[in-house]
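Next come two complexes built around chain A: one with chain B, the other with chain C.
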Partner chain A sequence: MRRGVILLVAMLVLGGGATGYILWSGHPAPAAGRSTLDLAKPGQILVRDRATGLIRGSSTRCDRFHAAHGTGVCLVAQPGAMATTYALVLDHAMRQTRRVRLAGIPSRARVSASGRMISWTVFVTGDSYTGGAFSTRTGLLDTRTGNVTVTIEDIPLIKDGRRYHSADVNYWGVTFAPDDSRFYATVATRGKTYLVEGDYTRWQARVLRENAECPSLSPDGRRIVYKKRMPSGAWRLHALDLATDRETPLAETADVDDQAAWLDARSVMYAKGRDVWAVPADGSGTPRLLATEASSPAIT
Partner chain B sequence: MYISDVKSGGTMSRLSLAVPANVLALGAVSLVTDVSSEMVTAVLPFYLVLSLGLSPLAFGLVDGLFLGVTAVVRLAGAHLADRLQRPKLVAGLGYALSAACRLGLPAAGGSAALIGAVVAADRTGKGLRTAPRDALITLSADPGRLGQAFGVHRAMDTAGAFLGPLVAFAVLGVSGAYDAVFVVSFAVAVLGVLIFVLYVRDRREAAPPPASIRPALALLAEPRFRRLCLTACGLGLVTVSDAFVYLLVQHNAGLATEHLPLLPLGTAAAYLLLAVPLGRLADRVGRGPMFVLGHLALVAVYGVLAASGPFWVVLPLLGLFYAATDGVLMAAAGPLLPPGLRTSGLALLQTGQAVARMVSSILYGAAWAAFGPVPGLVAMGVGVVACLSLRKVVR
Partner chain C sequence: MLSRRIRAAVALLAASMLLQVGQVTPGHADDGLISQGRPTTASSVEDSTLTADKAVDGGTTTRWASAEGSDPQWIRVDLGDPATISRVRLSWEAAYARAYRVEVSADGATWTTLSSTSAGDGGVDDLTVTGSGRYVRVYGTARATSYGYSLWELEVYGKGGGGDGSFVVAAAGDIAGNCRAGDGTACPHERTARLVESINPVYVLTMGDNQYDDGKLSEYRSYYATTWGRFKTKTRPTPGNHEYYDPAGGASGYKAYFGSIATPGGKTYYSFDHGNWHFVALDSEQSMSAGSAQVTWLKSDLARTTRKCVAAYWHHPLFNSGSKGYDPVSLPVWRALYAAGADLILNGHDHVYERFRPQDPDGKATAAGPLAVTAGLGGAENYTFEHEVHPNSLVRLTDLHGVLKLTLTGTGFSGQLVQDDGRIRDTIPATACH
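Moving on to the complex of A and B:
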């Protein structure tokens, strides 16, 4: 009898506490403020607000966002037993022009400098029995032709001079070159990650070097900033000079797990912790805070 | 003590539905605990990737810790339970540790390393509690009705696993905050611990506690238990991991990847429905024959997959396999173990089986990569049949 009373009281307390917490933590619907953003106006730094998920200055909610030259891409997740993501293509006034349904959780989003090419990476977890297993699916969208490449994983890949075959290849984190055909990305296979250079038009790719993830090509197309996994297990931003193949660690010494974006010709911005920071891309200087409580930095 | 249950065992047929209160209590604890843990499992990928911004590789590293931790802890925990002769204490510690981990997730903030540690601690809790809990079930039911007892427990456990994701996404839908899911999961886990403390009775046996780990290993010298372990491990080596089964089903049926997470529900439904009836049937016709039947269902699964047969048959057959083998194996092992080493014996069996299945995953994965999915399935199927026919011969 006494046990029953204790259990009943505990259920009331726990149930009440849990319900109270749900109500207290529930985010109030943010006021849908008028969007004043114009993606065609150059020089604006855009970030996603962590608290609301809105792109600051707009009423668009995204889980991942990127924009360039009047085109935006917004990845929105729908959590559920089946993870679904919508990739929304936005025009300069942040209006949706196209919606692509994807299976997975949003991970990376990128628009080419001209605004023509769009890429996304979603991330698919296995069921609970497959610990440690994950896969990514990286897709491309050519806004000029409207063609969608659902996954780039069947692109012919050259590694060490030979055509590489493996069922376990996973691509993520695309960055486009100014010609809107060449791109760089990460490929993971057999426990290692590689930087690859791909070509959309010729539809082939080759491995450039090991241990380089989430590349970001400089506006002049001569340098790539990526995250490199250190022996400690942390990721550190490095810059690679494509002409000399020389790799330089950036002045940011913290663990950064993001795809950097070029702020200008000299520096990159990235999410670190809960904020967005910027650092020179040549190893000099020190990181500086760009926006608090923010992620997904982009510049128009 | 438990004379009433033993007595009711005498007047079998009519009363055979009666399940010992301790087994029901353990089942309720498992149900509630599984709701709690599956809530977290369901939202964790979303939380890590969307809320914390972890990349897929970082997620893989966190998630990888799910595996491997349990095996070692299970053996150590079991030894402790036998040594202290207090299975309830050790199992309770396991439940309490996992409950504490629910709050550890939001407390870990954005650090992938800390989250990995919390996930590992949660798995440690699970490793600690499994064997002593099964020992308590073994000691709480009449040996002739262990199949039913384990069936009831496993069915309740699976019901919890079903409810967890539903609760999680309902909470997420209402509040939109992952913290709320973790807090509710914590409250549910605390409830589980409370039911455990209040309603589960400890079972002690008048036996000298083992001084070291050696007597537990010496259990393998006992011919019948050794044969059971060898059979279970041998079959574990040729049991294709569920993950591959679902991938093949998805592939054969041409389902979209996003439907993959729904497939285990079909298996779980069959398991839920069949665990009790098959457990009871095992008590009547013998646990050995039921174990064989279950593995024949597994061979049928391989056959249907290899022949690209109707995919909807696969899920219930896989559920049948689990219902006919999982609890039944524990029910078969319990009575073979000497008092004082019961938990260690069950842990040894479970760990051996788990390790064998891990090896099987690696082997089958390699075979798939090299020859495609079918040759590996055929080899595994032949292996199951060989193990089943050899099991009488092994001494």
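Moving on to the complex of A and C:
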């Protein structure tokens, strides 16, 4: 096997700090069957190449991708009459360790900071309560026990202080806390969407606030960045301080329909248009381009 | 004169108080209950609800009563085969005998007295006896009251006989859609109801989602009542998520339809005994978290039971290779049941059939764990197995409606998944209780 194929690596120095990131921003790896990516190596920004679908630096093709601490999740839509997606769990060398078959189209994917918990969301059609419209199915995989919860929609949900029961409950966009138990997600029911806080160990969730979708929890577990539907109909990234419940619009004013990922303790990255951008998570600064023709940003 | 209802309630209270007092068991410790469910006849019955079989059904809320105001009267149980008898236990209703004999016979014609008294005081008479024969008769010669003779239970303990304390229950979840008995075999839950009738179980257990779409009382009355409602009095139900969609309030249609059958202790979770079995009916739409009221109750209920075998059932399965996957909601319940050595767990929710090898709550296969079966096949449209198969999953079937027929003995269980066309689709091998 040729060892001399060196990928284009761009070093970015961000925000005046000393921290360096490796960004796999160049061309995808040749389809040589071997990936030079090591998900266990910290500090790499990974993106999906829009033209090829490959995770840059690898020969792995995904429709959605996320990775943390040596574990990756790759959602791949399968061709065919029935909408089918495989959620592939990848080890640090991007080798598949597990494959979960899902009915639906890839939407969101996330790995907890430790690499233990994996979540995905797919779009599905045909739920009787939607009258034919799209709904979602969100699942969890606990890599420590191997248990796959195909849909979390049966989790006991507390809303307005009471147990909530409705046939139309739909979840999407999970983000995990560092303890691998607490998580946040979006729930939709009866025409409204809410931010929920869940607990995998206790298996319970509660509604926190309305109109906050695709949450992304900061590495310190104290802030959430999510997309909020504006009166215009556009999505706008906002940050929520969990302790004070204070919501702040980020400096990104464009319509962003993505589940943001934290680049570091202070900023988030996300797909906008055909590119990946980053912006401070406190409302300050301005958006800057991280990678062109890319999506599904993740940092190892 | 007290109304019969009050009289019965007072007697029941007295009986239950007596039952709570620690009992010294006479006879040999290893002698089993050999009379339960055996053919029973009597000299007379007060009315058609107070038949002789009620005295051997294992239930302390049902009873036999003879015609009022007449002596002598008797009740006779056929043990099936010759047996050595060491103990006879009589639980009298308010209508008790002042004078009676307990007799045994090899042929049902010639009787030998095992015990007799002319100073009966009602309550529970727990008699140590020595004798053998196939038939046991309680022969009342003098009533204590102006009523007849009435027994909550007549229990014969010993060795031999034709019975092993076995009885049959039928179980399924996810039952009644919007069709009714009048639709005939076009209606899936009418087909499974006919199957239940042919099985003729002692109890019918439901694992939730008994009535779609919202378990409203009007839906129960229109659909479920016409099919599975035929077994209502012997049904021991649990609710599912659809019962909690009722706009009148969570499970309100379910509670209104089943009444005290569904909430014997005021809660949607409860337990009951039959033979050597303790049954626990749980509600997975009520909190099952560690420390919840339900789990606290469950632990103390399991600590109290003296029955050898334990079966528990509720809606949402913990382990599941079907459309929903692993559902952690009942993990604390599994931990409590595993710690108590429970034998059998029955669930619904996924409209499939799945049988697991005995395992612990963490999914490790072990003979010390309960055997779990998902049987959400009572009539709702089937789901598919499209995800990963759980490592302990032994049998997975879908595209069928049917019920689980369980044969429960004094020491173990076996079972069959019976499809609505009568075919046996799975056989649960004989398994000993822990």
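As a working rule, the second predicted complex is superposed on the first by the 258 of 300 C-alpha atoms of A that agree within 3 Å, B and C clash if a C-alpha of one lies under 4 Å from a C-alpha of the other, contacts with A are read in each partner's own complex, and residues count from 1 in each chain.
Assume contacts are C-beta pairs under 8 Å (C-beta built on N, C-alpha and C of every residue); 3 or more make two chains touch, one makes a residue touch a chain.
Everything numeric in this text was worked out from a predicted model, so none of it was measured.
Q: Looking at A:51, would you say it contacts chain B, chain C, both, or neither? Reply first, second, both or neither.
A: It touches nothing on chain B or chain C.
Q: Between chain B (first) and chain C (second), which, if any, makes contact with A:155: first, second, both or neither?
A: In the superposition, A:155 touches chain C alone.
Q: Considering only the touch criterion stated at the top, classify A:230 as touching first (chain B), second (chain C), both, or neither.
A: neither
Q: Quick one: is A:204 in contact with chain B, with chain C, with both, or with neither? Answer first, second, both or neither.
A: Touch status of A:204: second partner only.
Q: Let me test your reading of the model: by the given contact rule, A:103 touches which partner, first (chain B), second (chain C), both or neither?
A: So A:103 meets both chain B and chain C here.
Q: Output check: A:147 vs chain B and chain C. Expected answer is one of first, second, both, neither. What do you get?
A: A:147: touches chain C, not chain B.
Q: What is the contact status of A:139 with respect to chain B (first) and chain C (second): first, second, both, or neither?
A: A:139 sits against chain C, while chain B stays out of touch.
Q: Counting residues of chain A in contact, which comes out ahead: chain B or chain C?
A: B
Q: After the superposition on A, what does A:163 contact: first (chain B), second (chain C), both or neither?
A: After superposing on A, A:163 lies in contact with chain C but is clear of chain B.
Q: Show me the chain A residues, by the header's touch rule, that chain B contacts in one structure and chain C contacts in the other.
A: Correct list for chain A: 103, 166-167.
Q: Which residues of chain B touch chain A in their complex?
A: By the definition above, chain B touches chain A via 38, 41-43, 45-46, 49-50, 53-61, 63-64, 66-67, 110, 112-113, 165, 169, 171-172, 174-177, 179-180, 183-184, 187-188, 190-191, 194-195, 198-199, 241-243, 246, 256-264, 368-369.
Q: If we count contacts the way the header does, which residues on chain C are in touch with chain A in the complex?
A: Touch residues, chain C against chain A: 213, 241-242, 244-245, 250, 285, 287, 289-290, 316, 323-329, 331, 349, 362-363, 386-388, 391.
Q: Under the touch definition given earlier, write down the residues of chain A that touch chain B in their complex.
A: Residues of chain A touching chain B: 3, 6-7, 10-11, 14-15, 17-18, 21-23, 25-27, 63, 77, 79-84, 103-107, 121, 123-137, 166-168, 170, 172, 188, 193, 213-214, 233, 257-258, 271, 273-274, 295.
Q: What residues on chain A touch chain C, complex-wise?
A: Touching chain C from chain A are residues 100-103, 139, 145-151, 154-156, 163, 165-167, 200, 202-204.
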